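Should a chain be cited, it is by its letter among A, B, C and D, assigned in written order, with residues numbered from 1 in that chain.
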Amino acid sequence: MKETPPPPANATTEELLTQLGPLVHLDVLENLLNQARARSLWPLTFGLACCAIEMMAAGASRFDMDRFGSGVFRPSARQADVMILAGTISRKMGPVVKALWDQMPSPKWAIAMGGCTIDGGPFKYPGQYAIVEGADKIIPVDVYIPGCPPRPEALINGLLMLEQKIKAGKKFHV
Amino acid sequence: MAELIQIASDEDRDTFYLNMGPQHPSTHGVLRLRLHLKGERILSAEPIIGYSHRAHEKMAENRNYIQFLPNPSRVDYLSGMIYSIGYCQAIEKAIGLEVPERAEYIRVICNELNRISSHLLWFGTFLLDLGGVTPFLYCFDDREKILDLLDLVSGSRLTYCYGRFGGLVNDVTDDFLEGTARFCTAFRERLREYDRLVTQNVIFRNRTIGVGVMRPELAQQFGITGPCLRAMGMARDVRRDEPYGIYDRFEFDIPTRTASDCFDRYLVRIAEMEQSMRIVEQALAKLPDGPIMAKKIPRKIAPAKGEYYFAVESARGHFGMFIVSDGSEIPYRIHLRTPSFANLSTMRTVLPGTLLADTVSILGSIDIVLPEIDR
Amino acid sequence: MTPRTFNDIFGNPYLAVLAATTVIMGYLTVNALMIIWMERKVAARMQRRLGPTERGKFGLLQSIYDMGKLIGKELITPTHVNKGLYLAAPVLVFAPVLALCSLIPVSQSWVFHDYDIALVLLLAFSGLAVIGIFSAGWGSNNKYSLMGAVRSVSQTIAYEIPLILSALAVVMMAKELNLYQIVAKQEGLWNIVLQPVAAVIFLISATAETNRAPFDIPEAESELIGGFHTEYSGMRFGLFFFAEYSNMIIACSLATVLFLGGWHGPLLPGILWFFIKVYALIFVMMWFRWTFPRIRFDQLLSFSWLVLTPIAIANLFVTAVVSKLV
Amino acid sequence: MGRIKEIAKGARSLIGSMGVTLKHLKDEPVTVEYPAERAPISPLQRNAIRLIEKEETPGSHNCIACLQCEKICPSNCISITGYRPEGLAMKRPETFDLNFALCSECGLCLDVCPTATLGYTKVYDKAGYTRADFFHDLLEEYRETEEQVVEHLREADRRKKAEREAKRKAEAEAKAKEAGDAQ
C-alpha cells in the first residue's frame, strides 16, 4: 500500500474524500477483469465503406484475427466490446453510429480504421457537406489506424495496441 | 429516425414494420430496408439509401481531372481497378490520347483479375448471408492471392490508383506474369471444389432456386445490367456490345441463364469468373513489349467543351461516366451511372411476397456496393 | 447391476442434491469451455486458419478470458423491455440443462441420479428450454427477438416429434426407459448397428433442438441479428451462450447413451469411452455447422414434418414388427 | 419413389460438401502469424510518403521545394514551405509536413516530383493512440545533415558555375578564333 500524506487540518469533507481516495479498493479485481477484457475483444459486425473489406480480410484465413480472440464478430451491439469504425461516416450515418455506440455495454472501445474516420480522409475538402470529419467528433476513439485503406496487418496491430491500453488500465498514458 | 406509421385499419394490426439496417450483417454496409411484414412474409419493401453518401460527383466539380483519379476506385471499392482504369479511358477518349499496346494488355489483365476478385468476394458474402461461413473464408483465401498480384503491380490492395491518363504507373514484373498464370491453373481446381461445396449442396439449392425471380420487363423499367441481366437470358455486356480498350481482340463467351433467380445469378457469376480467366490467359499469351506510357501527354488535361459518355463493364454491370466539360481543367460535371443503383431499385417490386430469409438471399444475389449507390 | 449415485454417497437426499448441483455445474462449465475452444479450433482448421493461439498454450485460455470479460460487462436492461420475462429468460433457459445433465449415465459404476423413467424426463425437460427462449424473445420487446422466439417455438415442436420417435425405437428394443439399463443392454452390440435410421434422425433432430447450424434459424445472424438474444448483454448473453453449448453436451450424451453404447468399449475405462463418443458426436455437429448454409425456416419445418417424421414413424413400425417377430 | 430418390440425392450432395471441409481440415493453415512473422510486402506498396536519399545530395534528400506535389495532391495533405539558402540556385524546404490521415495513397505526388525524391515508407502497420501520430515531419531524419548538404550543394553549384564559365570562356575563345580564321 502506498503511504498517503496526512490531509491538512483545515480540509473540507470533500477535499478529505478526494485525498483519501475510495474507501473500498477494487483495484485487484478491476485489474483482473482488465486482463480478461484485453484478451477477448469482440468486434461489432459493422462496415461503413471500403475499410470494411479490409476488416473482413483481417478476419479471414490469411490474417486471422481469431488468433487473438477477436474473431467473434457480434452482429448485435449489445454483445460487442469494440466498435471498428471501418470507413467514411456520412452525415446521415453519424446519428446511427452514435446510437450504436450507446447500445454497446460498458466497458467499450472504438477503433477508427482508415483516414476517413480519423480526419475525413480523402473526402475532406473545403466546403464539403457529406461526411463527418473524424469519428472522434461523435464517439471517443481509442486507437487510430491510418491508411486508405490500412492493410489488415495494421488493424491487427491496432487491436494489439488497444490490448496494451486496456491492460494498463488507469496507468495508461499516451 | 422516428417515422410515424399510421395504423389504418384492423387488418394492419397483424402487420408490422421492420427496420433492417443501416447496421445489419447482411445489408452489405449501410443500406437500410424498411420492410412491411406480415409474419415473415414481406408485404412491401423500401430501400432507403444515402447512409454512405460521400459526394464523389460533387468532389469532381472541385478539383481537376487528374485529381479526381483516386475517387473512382472508391466509388466501387470491390472493382476499383475497373472503375479507375475506366475513368482513365474515358478521359483519354475525350482528349484523344493513344495508349501504348502493352499498357492496354496489362489493363485488361488487371481488370479481369479484379473482376474475379470482386465476384469472389460477392460469392463469399452471399454464402455468409445464407449462413455458410466456411465458403466465405475459402473465397477470401483465393481473393488474397489476386490481391497479392495486384498489389505487386499497383501497390494497393483494394482502392487501386494504377491507371494514368495515357498509360499506367508501373510496368508489370515477371513475378506478376508467372503468378497470374499460376493462379489461373490453381483457381480452376478451386472452382471445382466450390461446385462440390456449394453448387451441388441441396440446402443451398433449396435456398436459391426459384427465389427472387426478376421478371424480364423489369430489366427495361429499371435498367438492370450486369450478371443480373444476363441471368435473365439477355447476353448484354459492354465489353462485347461496344468494346472499349482492346476487348474486341479477345475470345470470350457471355454466360447467360434464363430463370433469373438467385441460383442463376450465382451460376452466371461463376461462369463469368471462368471467362475472365480465359481473357487473362489470352492477354498473357499476347502481351507485347514496349512502353507503358504514351509519349506525348498534354500537361493540361482539358477536354474540349462538350459532353462525353463512356461506359465500361464493371463486375456489377454497366458503369457509365457522363462528363460535361466547359473546356477548362476542372470538370463542369461528372455523373456516374452505377449499376448497383439500378439493380437495387428493383427491390421494391421483387421483394414483396417473399420471406424475410429470402430478402437476405435476394439482396445478396444482386451484389450491391453501397458507396456506389450513394456516390 | 446398479450404479452408485449421489444418494448412496450422502445418504441424505437434500445434501445429495446440493452436492450434485455443484458437481454438475463444474462438469458443465469445464465441458462447455472446452467445447467452445474446440469449436473455434475446429472451425479454424476447416477454414485453413489457426484459430486462437495467442492466449495460453494453443489458445486454451481463450474461453476463460471470454467468460471473465462477459462477467465484467455492463448488464444493460433496455427501458422498453418486459422486465420480468426479460430477466427470467436466461435462467429459464439454463435451468433445465442442470436437471437434464444429472440423468445421464456417464460410466457403469456411477451416475448422478438413477431414475427409472429417465428418458421420459429427459425428453420432457429438453422441451422446456423453449419457454426460456420464448420469454426472452417476447420480453425483449424487439421485433427481431420476437421473430426469433416464434421461429424457435415452431422449430422445437417440429423436431421434438422425430426426436422422440427415434428414441422410442430404441426403447422398444430395450424394453426399458432407464438410461442406465439401456446402455447396459448394448454390451457387445451398439444400437446404431440395429437402428441406423433412428440414429441419423436422432442426430439431425438433436442438432435442430439445440439450435445449431444449419438449423440455427432462431438466432440466424445474417437475418435476425441475434434472434432471441439480440437485446441481452454481458453474462445474460453469456448464459444463453453457455446453455447452447451445454445443450450440445446433453444432446450428444443422450445420443451416445441411446445409440453408441455409452461407456462400452475395449481397453480404455468406461468413462473415457463415453467422453470419446460424446466429443466425436460434438465434432460431427461442428462439422455440420461449418459446412452447410442455413436452411430456410419453412423448409426446415417441411423437412421435419414431411421427411423426418414419416421416416421415423416407418422406422418405428418396422422396429415394432421385427421386435415382435424375433 | 421420386421423393425418396430426391432425398437420397440431397443426402449425397451434403456428404459431398462435408468431404470438402474434411479435406481442408487436414490441410496446412495459410495463416501468417502476423506480429511474429510477416508476409512479404510488394516493393511498390503505397503508404505514407517520405523523402528518399539522393545521389546528388549524399546523406539527404533533394527536395527543391517546387510545391508541385502540394499543388497536385487531391486531398491537400502535403504542406511545404521553402527558402533559398545563400548562394544556391535551387530552393530547399524549410518544412515538409504530411497529414497522413488525409492521404488517399494515389501516388500522384510521386509522378510529378521533378527530382524523384519522394518515395514510400515501408511501415505498413502503423497505428496510434492520438490523431497527432499521423502528422509526419518528413524533414526530421535529415535535419542534422541539412547544413552539410547545403554546403555540398553550394560547392556543387560553384563547381557547376565554374564549369559553365569555363565552357563559356572556351566557347567565346573558339568563336573569337573562328572569327579570326574567317577574317
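In the analysis below, contacts are C-beta pairs under 8 Å (C-beta built on N, C-alpha and C of every residue); 3 or more make two chains touch, one makes a residue touch a chain.
Please read these numbers as outputs of a predicted model, since none were measured by experiment.
*Asks:* With contacts counted as defined, which of the two, C-D or A-C, has more C-beta pairs across the interface?
*Replies:* A-C
*Asks:* Per the centroid of Cα atoms for each chain, what is the distance between subunit C and subunit D, given in Å?
*Replies:* 58
*Asks:* Please work out the Cα centroid separation of subunit A and subunit C, and write it as a whole number of Å.
*Replies:* Their C-alpha centroids are separated by 36 Å.
*Asks:* Find the geometric centre of each of subunit B and subunit C from their Cα atoms only, then give the gap between the two centres in Å, rounded to an integer.
*Replies:* Between these chains, centre-to-centre, one finds 43 Å.
*Asks:* Just how far, in Å, is the C-alpha centre of subunit D from the one of subunit A?
*Replies:* It comes to 31 Å between the two C-alpha centres.
*Asks:* Give the residues of subunit A touching no fewer than two other chains, as numbers and ranges.
*Replies:* 45, 60-62, 64, 67, 75, 122, 125, 148, 151
*Asks:* Note the residues in subunit B that touch 2 or more other chains, in rising order.
*Replies:* In subunit B, the residues touching two or more other chains are 24-25, 63, 70-71, 74, 134, 137-138, 141, 159, 197-198, 201, 203.
*Asks:* What are the residues of subunit D that contact at least two other chains?
*Replies:* If we look for residues of subunit D contacting two or more partner chains, we find 14, 17, 20-21, 24, 29-31, 33, 74-75, 104-105.
*Asks:* What graph shape do the protein chains here make by touch: line, ring, star, complete or other?
*Replies:* Topology of touching chains reads as complete, every chain touching all others.
*Asks:* In their shared complex, at which residues does subunit C touch subunit B?
*Replies:* 43, 46-49, 143-144, 147, 213-214, 216-217, 220-225, 290-299
*Asks:* Okay, in this complex, where on subunit A does subunit B touch?
*Replies:* 44-50, 52-54, 56-57, 60-62, 75, 77, 87-88, 90-93, 95-96, 100, 122-123, 125, 127-131, 148-149, 151
*Asks:* In their complex, what parts of subunit A are in touch with subunit C?
*Replies:* Per the stated touch rule, the residues are 32-33, 35-37, 39-40, 45, 60-61, 64, 66-69, 71-72, 74-76, 78-79, 81, 103, 105-107.
*Asks:* Where on subunit B is subunit C touching in the complex?
*Replies:* Touching subunit C from subunit B are residues 16, 18, 24-26, 40, 127-134, 137-138, 141, 197-198, 201, 203-204, 206-207, 355-360.
*Asks:* Per the contact definition, I'd like the list of subunit D residues that touch subunit A in the complex.
*Replies:* Answer in residue numbers: 29-35, 38-39, 47-48, 74-76, 99-105, 124-131, 133-134.
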